[in-house]
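Below you'll find a set of structures to go through.
Below, subunit A partners subunit B and then partners subunit C, in two separate complexes.
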Partner chain A sequence: MLTADALRRRLGYAFVLCVFVFLVAPLIVVSASSFDSGAYFAARFPPHELGLKWYREIPPKYWHALGVSFTAASVASVISAALGVLAALGIVRGKLPGVEWLRSFFRMPLQIPLVVTGVVFLQFYYSLQALMGVRLAATLPGLIVAYVFVGMPYVVGTVGAMLERLNPRLDEAAAILGCSRWRTFWSVTFPIIRPSIIAGMLYAFVVAFGDVPLSIFLSSSSYTTLPVEIFNTLQFDFNPSVLAISTLIAAMSVVSLWVIQRLVGLDMIPR
Partner chain B sequence: MSGLTRRSFTTALASSGLMLGARRASAQDQKRFDNVTLRVGVFGGGWKDAIQSFVGSKLEARGVKIEYVPGNPADNFAKIVAARGAAVPIDVMEISPAERIAMTRNGFLEDLPEAHIPNLKKTSVSITEGKAVAYHMVQNGIVYRADRFEADKLPLPKTLMDLQNSVYANKLAFPDVVNPQHWPAVTLLALANGGSESNPEPGFAAAKKMRPLYYYSAAVELAQKMSLGDIVAAPWHAGMALRLANAGQKMGMIHPTLGDKRGEIEFNYLGIVKGTKNAEAAAAFINQFLDTESQVNFAKPMGVAPVNIEARRQLASDPVISKFMLLSEEDLAKTYTMDWNKVNVEKWRASWLRTING
Partner chain C sequence: MARVTLENLAKWYGGQNVLDIVSIDVKEGEFLTLLGPSGCGKTTTLRMVAGFVSPDTGRVLFNGTDMTRTPTQKRRLGMVFQDYALFPHLNVADNVGFALRAAGMPKADISKRVRELLALIRLPAVGERFPSELSGGQQQRVAIARALAHTPAVLLMDEPLGALDLKLREAMQHELAVIQQKLGITTIYVTHDQEEALSLSNRIALMRRGKIEQLGTPREIYRNPATPFAAFFLGKINFVPGKLQEKQAGAYRISTSKGMLLCPTKDERKFSLGDQVLVAVRPEHLRIAEVASQNGSNVLPGRVVRQKFTGKVVQYEVRVDEMTSFIVDGTMDRSIESDAPVQVAWDVSATYLYPYEDDQEIGVGVASTEPQVVEVTGKHEANTLSESLAMT
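This part shows the complex of A and B:
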């Protein structure tokens, strides 16, 4: 006979399980359907004819687009991290006037719809080209700059939160023991804020890697990102190789997160 | 002029004129464009790949370097608007009917150099308002799952209004306002109920009375539901019927009647963007797209009807294509094409949303 407490707990677990299943269900359907060799123009779940046909038929343009997405998102997340850490240090420790304004300023890119950001960046790049001859529209550097714009607020947010909680006496202790400010940063501050930097970089990477509305204005046929390539394909045709490449990316994401978790320990990120 | 009659003189003159014209056309077909980079705004995905295979590759053989700017015409138009005052980012682009009017009225298109597009003479179309030329037709009608109709003993509709029959309720999908097939479907329904392109409200009410299972926005989503059998019919276009049939589905296509008209066609256009420095290469691209072989090869996988008359003649003998498309001159003469000049896009959208959500 179950007690009321035990029953409540079991119902709670069941509810959590249902929510979890609901959240991962699309991933399960996509992954399973990608192994249906017989399907065409439809994702069939459960799969009827198991096989790897659609994995073998992933067109080269998807691999190329995946390379573009990965390169642009990786470089942008590294630059976002470098700039975001400096900005967070300035905001939290800089004793600057109008810090709240600065915080809002660095949060601003998150409040602008990405499609608007895309059009504005495109306009800015065209103006830059007309005035200075610098070509950024429809180039990889152009994509990266735009991704840094939308990715940096995440790094400022995560690193800023960590710095707020960091005991300033640790720095003072390092200074008393003779460390220069540079050495204090690398030996004391950086190891502590490293998980938050990684977390911010991850957010910046994910936002850039999965973006469509911004990228659609800034990509070209030579530099088309994977989400834009898939979006363009889906406007006309459905080919289950889309499911196959999506499954591979999901699998890679899970493995990458596991590796990062093992190496850095994302559990230390401030919540 | 001994031994030369007036008739033979006229014939000789006409022949030499034709030969001169043919030589000029041939010279136009062969002109090289070395060191020219042509930026072409096209839909992406498989559509772009087909353009490259059947059109772009021919231009590349003549020295042109082609850079595609993938995106739907509205997005590519937005890119051109963003670049106003600077160098144009696209030289030549695909244009849908709504954008054609906006781009023409606002001065975003060059005058088309007809002399550089000799293949225009092989088509059944002419340059529209001096700025754009239709390069294919999308044939709109009712696409249905033939096997499901047979199994469920459903009557075949003849008009879009027939879809209000309760036997189709919750088995249909109707195009939402973001889908290109929405506009002609609503127009046909409006016309059947006393409305028009400028008064689409009767069409909205008629669409709602069909009791569709849902209003589709993306073609892929509908293809999925139709493949799975959740939807058995929808106002759609022949191209999708053809593509689903090629994928193994048993599909049918009905070109709905409206009075003495049968079928609805929408033209899509090509235009040269104002301010381009590559107008001649852009015209060569358009000319290549209107070429008979390119039109046939492009139409087959993409499911569009060519504007090139000879290409249509060749496709008429294709048993699969001719099953879904109207290709003869007689059939095409009876089709309806909606008048986009009468459409108030913003008012239409707002009114549609009010009707559907009301």
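This part shows the complex of A and C:
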């Protein structure tokens, strides 16, 4: 006979197992299928014979799209970090009137559906082109600006949370010990909030790198990001290579998370 | 070393006058304590010296040079904060050497100086550890070392012992006094703890409601409190309201609800006949007597309502009338029964006299239904107090 306690514990384990299965199973199916020998032009799970055919046949447009995605997301996350840190400092530390308003202003991009954001940016870029002759639609700078818009709130959030908990006496102590405000920032504030900046950048990068609804408006058939390319492939002409590129990206994510964990320690990141 | 002059400092926050014309001259090498209950303006004053708060009027001068508009980092200060404010991302050695690095001292010199300082605070082996790995007392000492590293002209301390437990606080008090004397550094110390103020300071500036209530050596203030609040805040005190009836040679005669009291005339304050006054006397000057009247003594009849054994003394609470109770320090030699009628007697010379003013904070006033000895936070027993006074 099981006691009630043991039963509850087993049910708990079962629940956790379900969660893992549902989260991880798609990844397993996709990555396993990608290693199929390629005798059939379809995704087969479990793979009948192992082979790297689909990896060899990844079309160049995927690599190009991967380059676009990676560049845009990286640059956008760096810009988001710079602007987000400044915004968070202003919101938490600055004695500004209407700070609450500013706070919600910087949260706003998260509350607008990305599709709407995409349409708005497209409209905005068209108007800009018509009025000033600057072309941003379906260009790298255009993507970066849009990604900064959706990525910066994450940095403001993580850095702001860290700054709220930061003892303001530390700044005073640094001033007493002879540091100007500029020097205080670099020798005290920045090192302490660095993990939260990296966490925010990571979020900003991931959001930009995986985005479809926003990017789909801001790319063209000749200039597009990887998620949009994958989306198009799944939608219009399926090719098992898409499994291969997806597996590669999943592997890259795991590796980069591991590297960041080793370098800065994600444990320190506020959640 | 520097002389610090505070000149007519005042500050308003949102229409409230938190600091109302404060002037103090801190001598070179002096240990001056700003003492007072919370909200008295002591911390604001300290933060003005530090440059974190700028005064609305008045000036802060170091060695006669106006520093009021000089930014904090150019004032050559050391400061110990109540919560220590050690840098959590730096180890102890880097914390202590922080000011030296900011000043661009060569690395070898920094590590030499850091070693000296860690020896001074008697923690030579913790350089590699992080603040979070130290105990409260150790963090406190590291904070002191950090504040002293760049040989500041003035050392500021904002309730530095407030977060420590009693035993540790006593040990640290001693240590602070030793370090301060060894270095002879001008020190401004903020506390609400009267005992700490008495045992550490060369002089105390007792503050209340944004003003300096009394400025003097611990002995001066304790023996000769200028106001009822000064008498109340430093040590224990009993108050009796009365009315000035007569001036005799060298003494006033004051009528109270239970009889006449005598009080020595002092030149600094003039009273006129018919004034409402407040007679004050410390518990340690009181005796419980059986004889009705003695020469040169004031006597009030009363009834023992409570007694409290505190170790060295027995504190008797003697009810004089419905409004007034006296705390009397007695000895264990004699046992007095509760509810016994007694006489409370004291030397006329130990009597203080103040103009009467309603002040419920110190237990004087019509609305006070409780006996007139009221304890406030930060006050300690009278016996530990006289002890610390004896040590200075």
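One rule holds in what follows: the second predicted complex is superposed on the first by the 247 of 271 C-alpha atoms of A that agree within 3 Å, B and C clash if a C-alpha of one lies under 4 Å from a C-alpha of the other, contacts with A are read in each partner's own complex, and residues count from 1 in each chain.
Methods note: contacts are C-beta pairs under 8 Å (C-beta built on N, C-alpha and C of every residue); 3 or more make two chains touch, one makes a residue touch a chain.
Bear in mind that the values here come from a model prediction, so they are computed numbers and not experimental data.
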Most subunit A residues touched (candidates subunit B, subunit C): B
Touching partner for A:Lys95 - first (subunit B), second (subunit C), both, neither: neither
Touched partner set for A:Ile216, first subunit B, second subunit C, both or neither: first
First, second, both or neither for A:Leu234, with subunit B first and subunit C second: first
Which of subunit B and subunit C A:Arg262 touches, first, second, both or neither: neither
First (subunit B), second (subunit C), both or neither touched by A:Tyr126: first
Touching partner for A:Ile176 - first (subunit B), second (subunit C), both, neither: second
Residues of subunit A defined as touching subunit C within the complex: 167, 169-170, 172-180, 183, 187-188, 191-192
Subunit A contact footprint on subunit C (complex, rising order): 50-52, 71-73, 77-79, 81, 83, 85-89, 98-99, 102-103, 146-147, 149-150, 156
Residues of subunit B defined as touching subunit A within the complex: 43-49, 67-72, 75, 78-79, 82-83, 85-87, 89, 218-220, 223-224, 227-228, 243-244, 247-249
Complex interface listing, subunit A residues touching subunit B: 40-44, 61, 119, 122-123, 126-127, 129-130, 137-138, 216-217, 219-222, 224, 228-229, 231-238
